[in-house]
Amino acid sequence: MTARAGALGLAAALAVALALPFVVSNFRLFQFTQVGVYAIALLGLNVLTGYNGQISLGHGAFYALGAYTTAILIDHWNVPYPLTIIAAGVLCLVAGFLFGIPALRLEGLYLALATFALALAIPQILKYFEHWTGGSQGIVLSKPAPPWGMKASPDQWLYYFTLAVLVILFVLARNLLAGRTGRAIVAIRDNPIAAQAMGVNTALYKSLTFGVSAAYTGVAGALSAIVIAFVAPDAFNVFLSITFLTGVVIGGLASISGAIFGALFIQFVPNWAQDISKAAPWAIYGVFLIGFMYVMPFGIAGALRRVAARAARRGTAARA
Amino acid sequence: MEIFFQQVVSGLATGGIYGSVALALVMIYQATDVVNYAQGEMAMFSTYLAWTLLNAGVPYWWAFFGTLVISFVGGVLIERVVIRPVENKPILTIVIVCIGLLVILNSVAGWIYSYIQKPFPSPFPPRPIMLGTVVFGAHDLGAIGVTLVVLAFLYAFFRFTTLGLAMRAAAQNPVSSRLCGIRVGWMLAIGWGLAAMVGAVAGMMVAPIVFLDPNMMAGILIYAFASATLGGFTSPGGAVVGGLIVGVIENLVGTYVHFIGTELKLTVALAMILIVLVFKPSGLFGRAAVHRV
Amino acid sequence: MLRRTVLSALVAVLALVVPATAADTPGVTATEIKIGNTNPYSGPASAYGTIGKVIGAYFKKVNDEGGVNGRKINYISYDDAYSPPKTVEMVRKLVEQDQVAALFQTLGTPTNSAIHKYMNQQKVPHLFVATGATKWNDPKNFPWTMGWQPNYQTEGRIYAQYIMKNFPDAKIGILYQNDDYGKDYRKGLHDGLGEANAKKMIVMEQTYEVTDPTIDSQIVNLKNSGANVFFNVTIPKFAVQAIKKAHDIGWKPAHFLNNVSSSLATVLKPAGVEASRGLITALYMKEITDPQWKNDKGYQDWVAFMKKYYPEGALDDQSNAFGYTVAQAMVQVLKQCGNDLSRENILNQAENLKNVEFPLLLPGIKVNTSATDHAPLEQEQLAKFDGERWGLFGELYDAAKK
C-alpha cells in the first residue's frame, strides 16, 4: 500500500519535474535548477549524517571544492563542462575519503566541530591561492548554450541537465543504500560494535561513506558554479554548511526524498521570510525553523511517513 | 625577544576572550548534554541588556549583576519555552532549534539596537600596565581574572553542591536521575540559566575590546568552539586553557611563520587542533566517553 | 500597393499617438517607474542593510512630494545576505519577473561581480553600485554598469602622493583586510608610490580576517617593524582597536586611516581623543558626526528627513548619509530623463551628470559622468583630526585629471 503510494508519488513528481519548463518562466526554472543542485548536495550529506550517523558541519567545503574545480578547469583550460563535473566528483571523493580517515577517531560532537573547522578554513584558503582562484574577486564563467542546436533557452537546458544528473545520482544512491552496503552503513550508525562483531569493516565503510558523501556534494558544487556562472569565497561561508545541515534535518534524516524537501525549504523559505519582513528577515526564518521542528521533529519526510503509516493502519483496520 | 613576549601577552589577552566564551559552551554541555550554537548570540543579547541598563544611568556593578540575574531568568525561559518541546527528540532536531534561536536573536538585536557598533565600558582602569618593555592591557588582565573566578565558582558548584551534582546527574543519565528523585526538567532549565549567566559575563568582558554589535560574537564563537574542542568539552578548566593556547599559537604562527603570515593563521590554528584531536579524540583535558553496548 | 501605404501611414500615426515611453519600456507606466535593488538585510554583512532602507525612505519622501515628473518610484529591494548566488537569483527576479526599469545601488563587490555580465547581456542599467572597487568604471566592456563612490585605489594613491611629498624617509607599515576591499587600497598605495619607492618604503604588510576578534598581534608586529607611517585599511570595528592599541603600546607613527572608518562618533571618539589626534584621512562627504556641520543646511535637512521618514535609522551612521545622497543622484537621473524612461535613456542620462552637487558632499565636490567616464565621484580632500573635528586641508584631489 505505502510502497505503491510511494511509487505513484515518485512518478507524479518526475512528471511534474519534466513538464515544468513548459509551464514556468526562465527565472522560476532557474530557482528550480538550484533546488536540484541543493537536493544533490543534501542527499550527499544525508548519506553521511542520516544513514551513517556522522554529523558534518563542513560540507560547504566540499561544495566549494567542487565549484572551484569546475570553475578553474573551464577558466584555465576550457575543459567541456560535463567533464569538469565528473572531475569535481572524483576529486571530492578522494578528498572526502582522506578526510574521513582521521575523522574515524572522532565521535559525534568532536567530528561535527572538526568538520566545522574545515568549513571555516575554506574561504581563507581560496583567497590564499589567488593565482588559481581569482582571490576574493572570484571567477566569472559563461552559461553554456544548449547543445546540438536545441531550441531551448540556456535556463531550460541547464534545468534538464541538472535534473538528469539528479535522477542518475538518486538512483545510484538508492541502489547503494538498499543493498548490502547500505545495511552495513546503517548498522554502523545504530551499533558500531555489533556491526564490527558481525564482520563489517567499520573503518573502511565509514571513510568510504565520507568519500561518497563528499563526491555528491562536490558534484552539486560543480553544477552550482555552472548555473550561477560565478564563484567567489563569499559564496562558501560557514552559513552554507549550516544551511545544508538545516536542509537535511528539515527534509528528514535517512530519507532519499527528504533531500528534495530539504532543498525546497532552503531555496524558498528564506525568500518567504523576507517577503514577510525586511526589517528582520532572519527572525522570521528562525521562527520557521523552530516551528518546523516542533511540528515535524523527524523532518518533512518523517512526517509524511507517519501520515502514510497511519493511513495504512486505518486501511487494514477497516478491512478487518 | 621583546616581540616574542609581547605577542605571547597579546595572545593570552585574545585567548582569554576565547576561553571565557568556551567556558559558557562547556558549561551548558555539562549541564544539559547539548552544544548550544546560540550561546554566542545569547551572550551578545545579554550584553545589549547591560548596555541598556548602563545607558539608563545604572552604575556599572549594579548593571553587571542585574544583567546576570536577567540572563539567568532569560536562559531558564528559553529552555522552558523553546527547547522543552524538542527535549527528547533527536540531537540534530535540537541543533536546528538552536540555530533558529541564533538567527532570531541576531536579527532582533540588529532590529532593536541597529548594527552600528557601540562602545562598552570596562570596569578596569584604562592605563596599560608596563612590565619592562612588555605592555599588559589592564582590561585584558582583569578579564582573564574574571574568567578564572567564574571557573573556580563553576568547579566548586559542580563538585561540592547538591544542586550541581544533581544537574550533572540529570544531564548524563536522565532516566536514573529521575528514579533518584531529581527533577530532570528543572535541572536542565537551571543549566540553561547558568550558561546564559556565564555567557553574559563573557559578553561584558569581551565587549570593551571588540565593541558591541549584533555580529560581535560570530567570529569569537568560532574560536570558542575551537578552544573547547581543544581543551575537551567535558572540562571547564580545559576550555579556558584551550582558549589561551589557541590565542597564543595563532599569534606566534602569524608572526614567525613567514610564508603563512597573517593570511592563513586561522587555517593553521584549526589544522593544529585537528591534529591534536586525532591523537586525543576527546581534547587535551577531556574524558573519553564510554558507551554501554 | 495602396494598402501598404495606408498601413504604413497608420503605423506612423499610431507611433505618434502612443509615445515610446509607457507600453514598450519595462518597469514604466504612466504613473510609476520600478527601480530594483539588493542589499544584505540578513547575514554577516547586515550592518550595510541600512543603506537599502534609507534609500527606500528617501524615495518615499520623493513620492510624497509628487514623485519624479509625475511618476512615483516603485522601489523593490531584496535581501541577498551578501551571498553571490543569492544576488544572482534576486536580480533575475527583479529583471525578469518584476521587470524593473533599472537596477540601482546593489551592494557589495563579490555580489555585483556575480551579476556584472548578466546585467550587460540583458542591457539593463546597473547604476551607482555600492562598492569601492575599480572595475565598475569600464564602459567599453560593460557599458550598462556604473560605479558611485571614489574607488579605493584612488584613495590609496592620494595617501601615496602625500607621503612622498611630506615623508620622503617614510617606513610604511600597512594593515589591511584580506579581501578585495583591503587589496584595492593596498594596490592604490603601491601604484601611487611607484615600484621603486614601494619596495624601499614599505617595511611591513599585515592582514586580518573579518572574523578575527582582535588585531592586537598585527599592531605589535607593525610597531616592531620600525614603521613610522601607518596605513590603516580597516573597517570601523578594527580601526578603533588599531588606534587604541597603537596608542597603548606607545607606537606613534603618522597614521593614515581609510575613509571607510572616518566616523568621529563610532571610531575616533571610542578609540579616545588623545589616541586619535593627528589622524589623516581622505573625505568626499560631510562626516555627519563632525561638529563643524552642525549648522550646515544640508546636514539639518538630512536630520529632518531621517526623523520623519526613517526614525529607526541611526543618526551617527554615515551609511544613512551615503544612501540618502546616492538616492538623490538617482532622482536627478530620473528627472533628467523627462518623459523618456527607456533603459537607453536612463543610461544616457546617468552618463550625462555634469557638475552636479549634493548637499552632503563636501563643498566643491561635484558629480561628473560621460559615456567614457562611469566613475561619478572622483574627488577627495585630505583631512586631519585636531581632537575635535576633521580639519580639511590642501586642495581637492581629482582622479579624473591625473
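The chains carry the letters A, B and C, assigned in the order they are written, with residues numbered from 1 in each.
Everything below uses one rule, namely that a residue touches a chain if its C-beta (ideal position, glycine included) is under 8 Å from a C-beta of that chain, and two chains touch if they have at least 3 such contacts.
Because the structure is a prediction, the values reported are computed rather than measured.
Engineer: More C-beta pairs touching across which pair, A-C or A-B?
Structural biologist: Answer by contact count: A-B.
Engineer: Just grab the chain with the largest centre-to-centre distance to chain B, centres being mean Cα coordinates.
Structural biologist: In terms of C-alpha centroids, the chain at the greatest distance from chain B is C.
Engineer: Could you give the separation in Å between the centres of chain A and chain C, each centre being the mean of its C-alpha atoms?
Structural biologist: Distance between chain centres: 37 Å.
Engineer: State, to the nearest whole Å, the distance from the C-alpha centre of chain A to the C-alpha centre of chain B.
Structural biologist: Centres of chain A and chain B (C-alpha means) sit 32 Å apart.
Engineer: Among all residues of chain A, which ones touch two or more of the remaining chains?
Structural biologist: 120, 124, 127, 279, 281-282, 285
Engineer: Would you pick out the residues of chain C that each touch at least 2 other chains?
Structural biologist: 42, 44, 46, 178, 209, 211
Engineer: Return the residues of chain B touching two or more other chains; collapse runs of consecutive numbers into ranges.
Structural biologist: 103, 107, 110, 222, 263, 266 - these are the residues of chain B that touch more than one other chain.
Engineer: In their shared complex, at which residues does chain A touch chain C?
Structural biologist: Touch list, chain A to chain C: 25-28, 30-31, 34, 120, 124, 127, 135-138, 140, 142, 224, 228-230, 232-235, 237, 239-240, 270, 274, 278-279, 281-282, 285.
Engineer: Which residues, counting only chain C, touch chain B once they are in their complex?
Structural biologist: So the residues of chain C touching chain B come out as 42, 44, 46-47, 49-50, 178, 206-214, 216-218, 220-221, 224, 236-237, 240-241, 248-250, 266, 269-270, 312-314, 316-317.
Engineer: Which residues of chain B touch chain A in their complex?
Structural biologist: 29, 35, 82, 85-86, 89-93, 95-97, 99-104, 106-108, 110-111, 222, 225-226, 229, 233, 263-264, 266-267, 270-271, 273-274, 277-278, 281-283, 289, 293
Engineer: Where on chain C does chain A make contact in their complex?
Structural biologist: 41-44, 46, 53, 77-79, 81-85, 88-89, 92-93, 96-97, 108-111, 113-114, 116-118, 178-180, 183, 209, 211
Engineer: Provide the residue numbers of chain B that touch chain C in the complex, in ascending order.
Structural biologist: Against chain C, chain B makes touches at 2-3, 6-7, 10-11, 13-14, 17-18, 103, 107, 110, 114-117, 119, 128, 135, 137, 206, 209-211, 213-215, 218-220, 222-223, 250-251, 254-255, 261-263, 266.
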